[in-house]
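Here come two complexes built around subunit A, the first alongside subunit B, the second alongside subunit C.
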Partner chain A sequence: MSFITAYCHLNQEYCAVNGGIISRRDKQAQDPWFKQIYKEQEFAYPKFHKMDTLAQAGFLGSELIKRAAPALLTDYNDDEVALIFANSASSADTDLRFIRSYEQNGSPSPSLFVYTLPNIVLGELAILNKWYGENMFAVLPKFVPDFFLNYTQILLSGGSKAALCGWLEILGDRIDAFLFLIEKEASHAMEFSRENLESLIATGPVTQ
Partner chain B sequence: MTYIGAEVIISPLGSTASDNWNALSANRSGITLAEKAGYNQEDIYLSQIAGISVDKRFEYLVGKALTSVEKHIDGDVIRSERTIVILSSTKGALDTDVTDQFGSCVTNLIAGFHLANAPLVISNACISGVLAINAAGNFINEKLYDHAIVIGCDVISKFVLYGFQSLFAISDKPCTPFDAARNGITLGEGCGVVVVSSERNIYKKTPLKLLAGTSANDANHISGPSRTGEGLVRSVTKTLQNNKIDPSEIDFISAHGTATVFNDEMEAIAFDRTGLSQVPMNSFKGYFGHTLGAAGVIETAASMQMIRNEMLVKSLGCSQSGTSKSVNIIAENRKASLKTVLKTASGFGGGNASLIIRNL
Partner chain C sequence: MDNLKEDLKKQIIEQLNLEEVTPADIADDTLLFNDEGLGLDSIDALELIVLLEKYHGIQVTKPEEGKEAFKSINTMAEFIRNRKG
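Take a look at the complex of A and B:
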């Protein structure tokens, strides 16, 4: 058995950790929404500003999960945290920007091109946390609990002791991110089951 | 035991594994000069499949590959509830619809082949293919499925070519992996298929054995290889350990070998650190170009052909070794009985993956 020990929702309107909203989007703000959260939460990782939106969403979600579950940084060896992510749009948001760079803006942009793969966010999280563990990025028609259940089961029965999982859908104005941490052992935590995962993704934050 | 077999390769060298084998064993490359293909109308070397007149090239190739694999396995397997199709690709049908790179292809595969389960698309840059075969092995070992059909496919697009040009990563000659004068990749396109199963009797021809491996991130850079080969060392070490294989048992390494200066150097360091620098090794990129998300599947299938045909195939394009740590690049074809083969891949996002194939 394994457990959901922390989770984070991030969409166009709000950002929530373990069901409690920690930030609401200020539509009047000059800063983009992800930068607004970055500032409010007083994160200090200048590389954030170079990342594409997919990687920024992964950064924010994983940093907030680390704050909610600090054991993630202390209880595991550098190769024991697996990253299992998925979405349906792949890196299309940045792909469109890269196409504009050579069709409209004069030349193909190398700094955009390197983000035109969905798994780059996993590389960013690995670099930031010095995680040398297993990586998996899948492109699925929609959020499928069984993909996360099955692949987490596979990796946790191998060398991984925890799995940071995420659904990261970013395309245009659409932001739908849900990250969750799975650990083998936990007290007072929710069992990692299809029902619990479905209910977390369907209901969103409990404190509005 | 987990079996692997029924391999299919669709590339400029042919549409079956045996067509491709005939070309490989004759050291024939699929790379040709494409006039004015580059962003500034430069001539570019590419490994391109000629004669596909349909618009949806990605979907066409995947469909053709799945139709082709049906001939090599029990007819009921594709439609079985105990079968999953795993699709490995970086950019899918990007050239058809940027915002739907995989969705409609997957929907059409389900309908066209009456698949019982939705295919799983794995998109992890250049390690996608090896990762997909490992995922297949893991699904079988955990008894989540009995059979997995792994299809690796990527097609050449302006998008990807212009991107690699913007990184100054495209070779001005057909790519020369591990050569002292290598200066970049040659892009390729193609489709590879392998069928992974717990049942030996689904295969019409004797399968081989899959020892599923592991992946490891470099935790170093999103688009540059690690200077120390750390992720590749970790992946290979764990793959060997998990399968209780000693480095001395490896008869051949199908390396990633993209022919960029830094990638090949990184691999040479990693193979030196893992005690594998004496093992005969090649890169298939000189034959197929770099087929990105398809590479791991195509090159695993080509390695399986080497086992079946008992031949070490020359690494095309390497005339003078050019890495700080020596590796045993295969200079000429030669007959060899191959029992245990290591396949590795490394890619953007810092990913590294490896797997082992054994003769039964």
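Take a look at the complex of A and C:
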């Protein structure tokens, strides 16, 4: 058996950790939404500003999960944390920005080009946290609980002891991110099952 | 104050999205690719090549040129002045 020990929702309106909203978007603010969260949460990682929005969403979600479950950083060897992510739009948001960078500005942007693959976010998280375990980024038609259940069980039956999972859908104004931490051993935590995963996705945050 | 060097600092901050850096944080002799300096990486080097073409109309075609020119603001300004003759 394995357990969901922390989770984070992030959409256009709010950011929530373990069901409690920690930040609401200020539409009057000059800063983009993800930068608002970065500042409010007092993160200090200058590379954040160079990332594309897909990687920024992965960074914010994973940092918030680390705060909610600090054992992720202390209880595992660097090859025992797996990363299992998916979405349906792949890196299309950045692909379109890259096309515009050379169509409108006359020259392609190298810093945008490096983000024109969806799995780059996994590299960002691996470098930042020194997580050298298994990783996978799948492009699927929609969020499929069984993909995460089956793939996580396979990895947890091998060398992985924890898996940071995420659905990271970013396209234009549409933001739909849901990250969750699965651990083999935990007390007082929710069982990692299809029903619980569907319930967390469907209900969203519970406090205002 | 050397306007070219000040302009370069602003252009680097904008082109490389160094949002937590101000022009005052970059000394003329700060090493751009040293972790104790600005800590730029290989992608930033490509952005500097784009910057030189975009703002100064200079193409860097030989890798050795960039290696020397991108050491600091001083060397970038010197490179631009030499190329513009």
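Heads up, the rule we're going with is that the second predicted complex is superposed on the first by the 208 of 208 C-alpha atoms of A that agree within 3 Å, B and C clash if a C-alpha of one lies under 4 Å from a C-alpha of the other, contacts with A are read in each partner's own complex, and residues count from 1 in each chain.
The rule is simple: a residue touches a chain if its C-beta (ideal position, glycine included) is under 8 Å from a C-beta of that chain, and two chains touch if they have at least 3 such contacts.
Model, not experiment: these values are computed from the prediction.
**Student:** What is the contact status of A:107 with respect to subunit B (first) and subunit C (second): first, second, both, or neither?
**Tutor:** In the superposition, A:107 touches subunit B and subunit C alike.
**Student:** I'd like to know which partner A:77 touches here: subunit B for first, subunit C for second, both or neither.
**Tutor:** neither
**Student:** According to the stated criteria, A:12 is in contact with first (subunit B), second (subunit C), both, or neither; which is it?
**Tutor:** In the superposition, A:12 contacts neither subunit B nor subunit C.
**Student:** Under the stated touch criterion, which partner chain does A:199 make contact with: subunit B (first), subunit C (second), both, or neither?
**Tutor:** Neither subunit B nor subunit C is touched by A:199.
**Student:** On the A-aligned overlay, A:126 touches which partner chain: subunit B = first, subunit C = second, or both, or neither?
**Tutor:** It touches subunit B, and subunit C stays clear.
**Student:** Per the overlay, which chain contacts more subunit A residues, subunit B or subunit C?
**Tutor:** Touched residues of subunit A are more numerous for B.
**Student:** Identify the partner contact of A:46: answer first if only subunit B is touched, second if only subunit C is, both if each is, neither if none is.
**Tutor:** second
**Student:** Both subunit B and subunit C contact which residues of subunit A?
**Tutor:** 107, 109-110, 114
**Student:** Would you pull the subunit B residues touching subunit A in the complex into a rising list?
**Tutor:** For subunit B paired with subunit A, touching residues are 39, 90-92, 94, 98-99, 101-103, 106-107, 118, 120-125, 131, 135, 138-139, 142, 144, 158-159, 162-167, 214-223, 230-231, 234, 238, 242, 348-351.
**Student:** Under the definition above, what is the set of subunit A residues touching subunit B in their complex?
**Tutor:** Touching subunit B from subunit A are residues 78-79, 83, 88-90, 92, 95-96, 98-99, 102, 107-110, 113-120, 122-124, 126-127, 129-141, 144, 147, 150-151, 153-154, 157-159, 171.
**Student:** For subunit A, which residues are in contact with subunit C within the complex?
**Tutor:** Touch residues, subunit A against subunit C: 46, 49-50, 105-107, 109-111, 114.
**Student:** How about subunit C: which of its residues touch subunit A in the complex?
**Tutor:** Those residues of subunit C that touch subunit A are 16-21, 43-44, 46-47, 50, 53-54.
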